[in-house]
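Both complexes shown next keep subunit A, but they swap its partner, so subunit B is in the first and subunit C is in the second.
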Partner chain A sequence: MAHATATKVEETKGADKTALITGSEAIAVACKLADVDVITAYPIRPYDTVMQYVAKLVANGEMDCEYIVAEAEHSQFEIVKHASAVGARVFTGSSGVGWMHAFEALTVTPALRIPMVAMVGNRALDDPGAFGVEHNDALAVRDLGWQLVWVDSAQEALDTALIAYRVAEDKRVFLPCAISCDGAFLTHSQALVRIPAQEKVRAFLPPYDRAKLLLHPDNPITVAPQANEDWVMEIRRQNHEAMERAVKVIGEAYADFERTFGRSYGNPFFEEYETADADVVLVGMGTVSTPIKVGIRELRKEGKKVGFVRVRWFRPFAADELAATLSRFRAVGVVDRDFSFGSPYRSGVLATEIRAAMYPSAKRPPVLGFIGGLGGREVTVPDVRRMTESTLLAAEGKAQPPTQWIGLRE
Partner chain B sequence: MGQLYAVEIVYRGIFQKTLAKNISRAIVLAAHREGKPGISFGRYGDSPERNGIPAKSFAIVATDEQTLEEGMAKYEPKEVDVTICVDDTLCKGVESWAWYGLQPINRLLKPGGTLVVTSKEEPPVLIGMIHQKDVPYRLAIVKGTPSFSGLWVYKDDHTDVRLLGTLSKVLPDLFSLMSLQEVIKEEWDDPVKASSALRAYERVNPVVVPPGQGNAETPYQFTLPKWTEMPEGIAIPAIPLGHAMKDGGNGHSGGFRPERNPTFKKYTTRTMRPVVDFDLCVKCTLCWLQCPDSCFDVTPDGLYDAAMEACCGCGVCEAVCPEAGCITMVNETRFQDNASQWQAWRKDPQEYKRWVRETIADRPDRSHGFRYRGQYQEQLPEMLTIAREG
Partner chain C sequence: MTTLANGGTSGLVNIQPPRLDPFKGVKKVPLEEFFTSGHRTCQGCESALVMKMMVKAAGPRTVVLGSTGCMYVANTTYYSTSWVVPWMHTQLGSSGSAALGAAAGLKAIMRKGKIKDEPINVIAFCGDGGGADMGLSAISATLTHPDYNLLILMYDNESYANTDIQLSGSTPYGAHTTFSPPGKVRRIMHHRWKKNMAGMLAAGHPTCRYIATVDMSYGMHAMNTVRKALSIGGPTFIHSLDPCPKGWDYDPILSHELGELAVKCGVWPLYEVEDGVVRLMGKTKEIASGRAKRLPVREYLLKQGRFAHFTDEDIDYFQGKIDEMWERWLVPGVIPLRKEIEADRPPA
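Coming up: the complex of A and B.
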């Protein structure tokens, strides 16, 4: 029998293995390790790398799941929503306008408290048709009750997918979680990834138990009825409380992850790089971390005390903790791989959230916004230098534009 | 602050939606002729596109803009000067799709306010249906079969102008008959409609309903749960299955009574109800099978008893029953309670038989919906004659 050409992952018994895989493949491996029951697929770059790899795992007999190719993204997300309601662990994903095509399904999923885990292969929204990364696709659901997390390496993609199931399926939460992976930089680059042993994953991730919300003849319930103004506020409040509880559950999951797998991510919500003595920091999400870290190392050789804060969990947003951290610095430069047209300061979404989070702080350093890397354009090390230098000037009290486009031909 | 006036029009979807809108619009337009600003709107939480569902339109008028704004700040008025009820079966109360429990038809009436009802009944019959109020109010009847003038095609039976003419008499400060006649000329340019309004104005003769008179029943109500008391995930536990019934007479158990929604009742969604002659029943099960609301209890002796908390009065049971005269739909105005017919029959079959014959024989016209194509055209000349001659 012909063997599909997937990178072979040995059945792990006890020992971790190392494989050279992309960020997408790392998430597919996490699906296998999590023993996902139902996966729906519909191709769009760069998310399709996940569905291809899962298909290979299934074809090779390495993974056992219902693998359904839907006729479009809306059905793709609806099918897993229903599968999750009847007690199946589910996975799906999309990119760019594919994610937007599923939008109605995306709005109902958190409201019905469905612990769906989805991968967003971040991609610019059409038009123009473009494959490259931009974060506006995943960010479009930021007000809907989805948990949103950004990762910057294939290893973190795998680990975060396992953590996402653990958090989403916790009865205190029961909210969907979207893992954002930058198109190309993460979805299409292979890196050496440590694949944990199945036993460890089993110990970390209990089976999905839908409990009282299980849609089953033995547990007759009606889900998603029509409701008028007498009910909607109470339902929204319930979802808000679930998102609030997620903060604690995320902390517990990362602590357990460290205990089980022996690897730690430190603060689950954001990573700090060279911040201990920093005067200024850049803030960003996703793979922009690589040129920023390299740029910071160069600038530090020149004696400039700069650092970096990489936001992982955008929802729930660790506002208090981020504000406390960022108020230590003399200026903050937020790098957005997205843009919010007509927004306050005509900036990116992350910059607006950081400004809002810092407003109650006693010490409020200037916050600059940088728009860079849109549509997959590379954010270069010289770009990082320009952004950092502008932030340093702001720290010295020299007025800087609130939002600057970096790497734009002008 | 100036004077604020509020009028509500209580109607049934879908066939009376345009009628209600026409009335509330004309109220605002007529008052505007006298320099009073106003607004007209339908209650958004209602679902008037559903056949038979009670719904409301409102007209709010004031002597000045600022006072109007005070009225508009409350989306739904908390009290009204006049309630216009365009289907007399709604005198039993209003259970809107918006699920507020059973609201007495006179609930919003100010002391001394007027309830205007289109009906062929006399005041005692209607007062027997209307819940008691602890302040006096007035009842004015505009004679006629409740109008089903339609949604898309407005089949004009002059109910609108007759009610408006009545309103100009019972609440003359809102607008005068003269202002109404001007609006009728501008909106319809029909002298016959103008004369129907005039005749209604001349004929209206309200009776005062003193406190404590009327239906003594406590209206069905419930408390909405707090957010912490609701199941999460927008999930509602299913209604449990049913159980056997017990015959109070001989102690036998048997049959089947389904459990029913503990919160959502259908006491007033109905404009007519099935009257069952149990002696004619052949136990074919068709009514029980076809009822869209599972309203039939299967009795221990294998008969079918329509539970009034669940019957929406659609008439499917009558349509599918193969025995002539076994199930007959009768206008709700004929009934003063929601008691079990089967229990009455078990208690005294002879007396029950007499009651069935009498109830069916002199049953009032059916008020709700069309039973067959062309029914409305048959009623229209009669309605216009009533409008003209009374």
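Coming up: the complex of A and C.
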């Protein structure tokens, strides 16, 4: 764990407030607290609720920003990309095929070192039509230099949005960050959220300073020239190094977050639940944590030592730490709310990453992949029981299929 | 509420556009260049001249955003950029979004006191592929935002000239491009008529205050058009026709002459639409008012290798379409609406 960087937390005026809000609204509130300058909206369910809340904040004079309704997602991301280049703090977002419509803009944003923060209201990549959650949308950019984080509660959504600005705009990083919120389960579900006082946010989040990269007549630089084979490799390497530095910066940001706001997330990269004495664990991202945690409580009453590891930061991926943690268990079951067609073991993306991360470990428990909850289908407590039972069998050395579809109509 | 100079309103503050009076004669044009050496455009490239004059007209307090195309690839070789003003690449279809984003970003942080409040010109340029094809949707959207001061300039060399001369929605009827080569069976592969970009944008965006056409053979007019577009407030659009030796297949020495012929033959009308008022400009105005004679398009077409396969019938058809533009359109040279249905009979 990294250490806090703030020498002291400044005395802050104003009290936190508690409000019953959705995950989308929590991120809108974070945008207001972060004093975001330019926001672009375009409708697609389920992320777009965040933009409806932002619009109300702007209309009511509670937030001062340029709120632009774009004509397509590609433009949404291109508009804020250029606003960020001239020094504005920006926010945008999308879901499902909308995110994919912006793909070209998403591709170039990290290489331009634009610290854009975006919300992905995770959604199935229809056709066939589906509003429900799947993670393949956000995961599609996993190789492009975006920082990717998954949250599972409205509180975590608000807090992570503030952390995302802090990390993305750190000059050691300057990479965009996408916050994934499961469609419906998080975007549309209300929960009690502590809204921090503005002064605390100001103490935690310094102003965006683009410094040498600012596009302004006082700093007449040429951005993104033709570099070709002469320099592209070095520039890719610089992006990689920035992503590497993000690991440390994320650690610092969470430590400072705790000191400023008094809420701790423990290890920033992943959450462990009931793992201390666990024989086997399930691993997942996002709101699948709810049925899994409920299921684990039931299974533990029956004496089954089961735990859960919830991955938050998918990029940068905490491979060493995750491998060290997961190698403590006798078997690991990875629950993917996504699927990678034709991939190794015909798995989900997370399972493949976890297997790759664990390969160098001295102790390598079996890693099972479970595909569940696609298209917004619920992952139920009985599903959790089935996945756990299979993982327990693997722990006992009984061969299990490498990938199993859970809750599938046969 | 504050009423903006451009007629829009903002509850907060108005970022004023710069005041750029017209250059009164060629001797009053500043010598200082903001698009300089370091580029590797072709000999006779009129689009390079567009860049040079565009930014000379705008001056040093300018941010230029360039979408993919010749004027990106040829002008910004790493370590030898030709841009003296800040410049940023934008995606092929993003000139509208780039201009909007930069203008909105500057407006927000100036209003909030995060940077000095001053007029900064925002110009995004695109080629005809980036503008009339892929970027049309974003340009259209941007022209509906009255609250941001910006200029989108489309340099139209009538093909995807950077990628090997492929036809675009702005390529003239019948032209030989690598995607429309004349063959043994089909002489004319490209049967589509060139999009009327400036007229379409003027007709479709009633709050856009200024849309104009230029041609670098009339450089003073072009520079003053840029200055007017940047000063008037709100989003503006300029469409420039740029003879291209490589794509149009002619001796580079003819670039200037072809630019003039495009206007003199009536193929490229020079006009501006300011607050909905159409004004024909320069030589185009002379032709329309009968003070100058419109030359036959044959003069223009046959100087270009891309029309070398044209038969007399093809030339007559082309001439007929240009005549129609001047004689039948309700707003001649600008808007292709007319009073009655007329049959279109392209040559077989």
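Keep in mind that, in the parts below, the second predicted complex is superposed on the first by the 397 of 410 C-alpha atoms of A that agree within 3 Å, B and C clash if a C-alpha of one lies under 4 Å from a C-alpha of the other, contacts with A are read in each partner's own complex, and residues count from 1 in each chain.
The rule we apply is simple: a residue touches a chain if its C-beta (ideal position, glycine included) is under 8 Å from a C-beta of that chain, and two chains touch if they have at least 3 such contacts.
Here the structure is a predicted model, which means the values were calculated and not measured.
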| item | value |
| --- | --- |
| In the superposition, subunit B vs subunit C on subunit A residues touched | C |
| Partner chain in contact with A:E66 - subunit B first, subunit C second, else both or neither | second |
| Which superposed partner A:R113 touches (first subunit B, second subunit C, both, neither) | first |
| Contacts of A:A224 with subunit B and subunit C, given as first, second, both or neither | both |
| Subunit B versus subunit C as contact partner of A:E169, first or second or both or neither | neither |
| Touched partner set for A:D338, first subunit B, second subunit C, both or neither | neither |
| First (subunit B), second (subunit C), both or neither touched by A:A242 | first |
| A:D37 touches, of subunit B and subunit C: first, second, both or neither? | second |
| Subunit B/subunit C common contact set on subunit A | 220-225, 227-228, 230-231 |
| Interface residues, subunit A side, partner subunit B - complex | 111-113, 174, 212-213, 220-225, 227-231, 233-235, 237-238, 242 |
| Residue ranges of subunit C in contact with subunit A within the complex | 11-12, 60-63, 65, 72-73, 76-79, 81, 83-91, 93-94, 96-102, 104-109, 111-112, 114-115, 120, 137-138, 140-141, 145 |
| Residues of subunit A that touch subunit C when the two form their complex | 35, 37-38, 61, 64-66, 68, 70-72, 74-75, 78-88, 90, 104-105, 108, 207, 215-217, 219-228, 230-231 |
| Complex contact set, residues of subunit B against subunit A | 45, 97-100, 224-227, 230-238 |
